[in-house]
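Chain nomenclature is as follows: A, B, C and D, assigned in order of appearance, with residue numbering initiated at 1 for each chain independently.
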Amino acid sequence: MIVEKTRKALEALFPQPEQEESSAEKIEPSEQEEAEQKEETPRQNGIIERDYSVHGYHLDVQVDPAQLYVAVKIIDELDYFIESITGVDWIKENQMEVIYDFSRYDFDLCRVVIRTRIDREDPKLPTITPIYAGANWHERETHDFFGIKFEGHPHLIPLLLPEDADFHPLLKDFKA
Amino acid sequence: MSVPIRLQPDETFILNVGPQHPATHGVLRVKMEMDGEYIVSAETVIGYIHRMHEKMGEIKTYPQFYMNLSRMDYLGALGYSHGHVLLIEKAAGIEVPERAEYIRAITVELNRIASHLFWFGAFVMDLGGFSPLMYALQDREYILDMLERITGSRLTYSYYRFGGLYNDIDDQFIESVKKFIPRMRKSLKKYHKLVTGNIIFRKRLEGNAILSKETCRKYGASSAVARGSGINYDVRRNEPYSVYPEFNFDIPVYHECDSMARYKVRMDEIEQSLRIIEQGIAKLPDGPIMPKKAPKIIKPPKGDYYQAVETARGNFGIRLVSDGTKNPYRLKLRSPTYSNMHLFDETCTGLLIMDALAFMGSLDLVIPEIDR
Amino acid sequence: MVTYFSEIISGLWSLVLGLSVTFVEFIRPNVTVQYPYEKLEMPERFRGHIQLIGDEEGRPNCIVCMMCQRACPSGCISLSGKKEEGQKKKTLNSYILDFTTCSLCGSCVESCNFNALEYSKEYNLASTRKEDFIIDLLKRLEEQNS
Amino acid sequence: MELTLLNVVIAVTIAIGFAALNAAYLVWAERRGAGRIQNRPGPNINGPLGLLQPPLDGIKLMAKQLIIPGGADKALFIAAPVLAMAPAIVSFVTLPFSDTIIAHNLNIGVLAIFAFASLGGISLLFAGWSSRNKYAVMSSVRAVSQAIAYEIPMLVTVITVVLITGTMNLMEIVEAQKGGIWNWYFFPFTSGLYNPLMTMSFLIFFICALAETNRAPFDLGEAESELVAGFHTEYGSMGFGLFFMGEYANIVIGSCLTTLLFLGGWDAPLPVLSFIPGVVWFLIKIYLIIATIIWIRWTFPRTTIYGLLNLSWKILIPLSLFNLLLTAGLLKVV
């Protein structure tokens, strides 16, 4: 199963808590509990296997910004295609989340979501355009909407917004 | 069909194709660096009709966002609405009556045919043939009349509701669909005779703009763009949703990777959609079109939800980040042509301008859907 | 050499086939409607801009519950009513539809529980002035009644 | 007929009148025909059957201002539309319409017409170059390469005909085809020649005529979905009108030539039918060809530039040269 394979490959990124976490997840906490847990304490980096029929994806991976490039590289080597990149502004936690969606062309269904949290004041992330050329526009769009700077991006100018746009409309404190 | 010599920058010139250009079908601009008629490099500039649907999604309540989806893609609006309602139903846990799902599938497929027909006409018009557009519009008009009778509008339907539908279909609709299927099959034969076999058309498209599987993957292409490159990917099959597992249909795949393959995929899809409609009409169950206890106020529980559907233009994804209130915290719309169009810059390098524009036509672009 | 000639022949034949298709279309009757001279009937469910439904005496069914105003995603409905002396219900005294921002989604009609709103069959809505699309529905109802 | 000044003036006036009338009403015919092919009526409001549409369009065009884009080469910009129209009109002078109706019978009529026809390419080059528009320049470059590529097979097929008749006089070429449809040069195994490939030559000539007049499927110069409107992108008003009229006048000349060289000119298809005046036959033939040209335009997509050149250099030129050789051989043998 590709889900297992991907999971194994990605687990290499999270060395220490591997044993506990995987054993904890074998029990599969019910959805509500999981959601509540997530709310109480900020989520730790790691892999959560989600119920596809509820969430619409299989693997939910949260990585450190520094690990992002490596994680995407692993995904690329497993023949995933890039679906989209987007951001979420968690203004209360003073953080921004960037979500990368990946899926597969074959019938071995597995949707992988890679998310990473960065500081809201100085949002910076490495670009993944060297791996996925198609990330170019998605990163530019995320830069437009959230002001997240993708370091090393070849052409980080406004894409959907006007050329001279200096505002980021999807920030929660944006006032038109 | 390749650039013979790489020239110095001062030996090339910049050609702005668009924002108003007949081949771009909307306000899209491609900045091309040209060496004579050869494209040395191209940069696509989009965003001329960007309307920030995602922000609107955050400001509006869940039901108020219905009509925005149909404004994303004016040719195949129902597919996008379908994705939206499926996502919210999944998130909020609303049961959908079976009849409603069947009617959704039938109308989405009708809409897909209408969209493909328009694409077919516009594509041939890009190549200089006028009459096929008019023939395609006649058939499309028939579909639009049917859909107008049941939904009330011709393009920007807001027909689906969380949990079901706005209106039930009637016998007259079923009758007209039954009449439409043989009519469309006859027209398809005509199109193949008039266009597909035509030597000029074939010479233009065969071998035009080869798109490798790897390029498709790196850009996340879907719909006929991927299927014309030998990728057997259709969300209706790979991630069955709604009542699609009940239907017996094929996913046309061609391995030539050229514009002709993309053309053939879409033409075959019309036939497959007809099959789905035929089966849907035959299997259509009786029953309500809305659940008995549809919630008045939609408040999905906290969390992150994703739904992908196969619209006429490809893999449309919609992500909801809910914070448990009656407004979405974040609503991300992943539009298929956005990824498909992104391919253009890389692929058109080294092509003649007329080949590049034929390739652009084969991508089936709807600009408001790229710009959102 | 054989492919060279067979391609020429088959190519020419495909052109002849194409010409035969357009010839058949040439002798088929017109399908278009000569619009300003002939007009099509709008279907029953056609969504024009909204209008008020009156009761037998021509008074609007509306009881000013403000549901439509709240349901509207673009805020294009503004209505007000007042309570007349000695009457239980409020009566409508203005109902303004700003059609410039309306997107014909029908949320208002669906949200109405008192059968007070319906779609009109108006589709000839073109004007050079913005004010023409600020529609006073109450006035429209009066005109319909008279 | 004496070549007096009066004669020339009369001839040119009639030619202009014929060309202008044809251009105007061919536009109408094309729009009506396109409408029929697409199951719609076409222009039908102004006048009976929409017949007043062309003059009204003409008035509209004339009433408009001719805008010369900034930085354009003014002299060339103005000269180009005139150059598109003038050779077409002059060509009419040497075209015979029947054995009696001809303005001036030149003994090198064929040569004169082709000399004038090649001027058309130059007008496109002028128009494209002077407009200071990248699309227009690309279009004019296309038009010139197209003109060069298609003049060769066209002239080779004409040489074949000239070889058979031994004259360049259009009257005499038609005279040589007299006596019914089996004597016309498009007919395989024409009596007295027995060449089976003349039908092919006729097709080659017809295709080249399409390409020479920039008609679909060879309208690469205009290519409205790629090059906006090609060489006449920047032209408005009567400048555009002249290009338009020039195009239709060229179509008429092309079909006249096809008729004269391959379809027996004003000869009745069967000797029994020769009581009908020759000019009627001639007009019937050219309008049938024009109808075919319109029919083709509304059926086929456009070729590519390399498809067009491939067709010319790889198919039309070898085949026409082969037929020339065959004809020469047959003439020697028979």
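Quick notes
Everything that follows uses one rule, which is that a residue touches a chain if its C-beta (ideal position, glycine included) is under 8 Å from a C-beta of that chain, and two chains touch if they have at least 3 such contacts.
Computed from a predicted model, the values in this text were never measured in an experiment.
Chain closest to the overall centre, judged by the mean of its C-alpha atoms against the mean of all protein C-alpha atoms: B. Chain pairs B-D and A-B differ in how many C-beta pairs are in contact, and the one with more is A-B. Work out the mean CA point of chain A and of chain D, and you get 64 Å between them. Note: centroid distance chain B to chain D, computed from Cα atoms, is 43 Å. Separation between the centroids of chain A and chain B, computed from CA atoms only, is 26 Å. Rounded to a whole number, the gap between the C-alpha centres of chain B and chain C is 25 angstrom.
Looking at chain B, one finds that residues 131, 135, 138, 194-195, 198, 200 touch two or more other chains. Residues of chain C in contact with two or more other chains: 15, 18, 21-22, 25, 31.
Along chain D, residues 37-40, 298-300 each make contact with two or more other chains.
Under the stated contact rule, the graph of chain-to-chain touches falls outside the line, ring, star and complete shapes.
Chain pairs that touch one another, listed by label: A-B, B-C, B-D, C-D.
The part of chain B that touches chain A in the complex is made up of residues 46-47, 50, 52, 54-55, 58, 87, 90, 215-221, 226, 231-233, 237-239, 301-308, 315, 317, 319, 321, 329-330, 332, 334, 338-339, 342-343, 346, 371-372. Interface residues of chain D facing chain B in the complex, by the touch rule stated above, are 34, 37-40, 134-135, 138, 141-142, 216-217, 219, 223-226, 228, 298-307.
Against chain D, the residues of chain B that register as touching in their complex are 1, 13, 15, 21-23, 34, 36-37, 124-131, 134-135, 138, 194-195, 198, 200-201, 203-204, 352-355, 357. Residues of chain B touching chain C in their complex: 60, 63-68, 71, 131, 135, 138, 148-153, 156, 158, 166-167, 190, 193-195, 197-200, 202. Looking at the complex, you find that chain C touches chain B at residues 7, 10-12, 14-15, 17-18, 20-22, 25, 31, 43-47, 71-73, 103-107, 110, 119.
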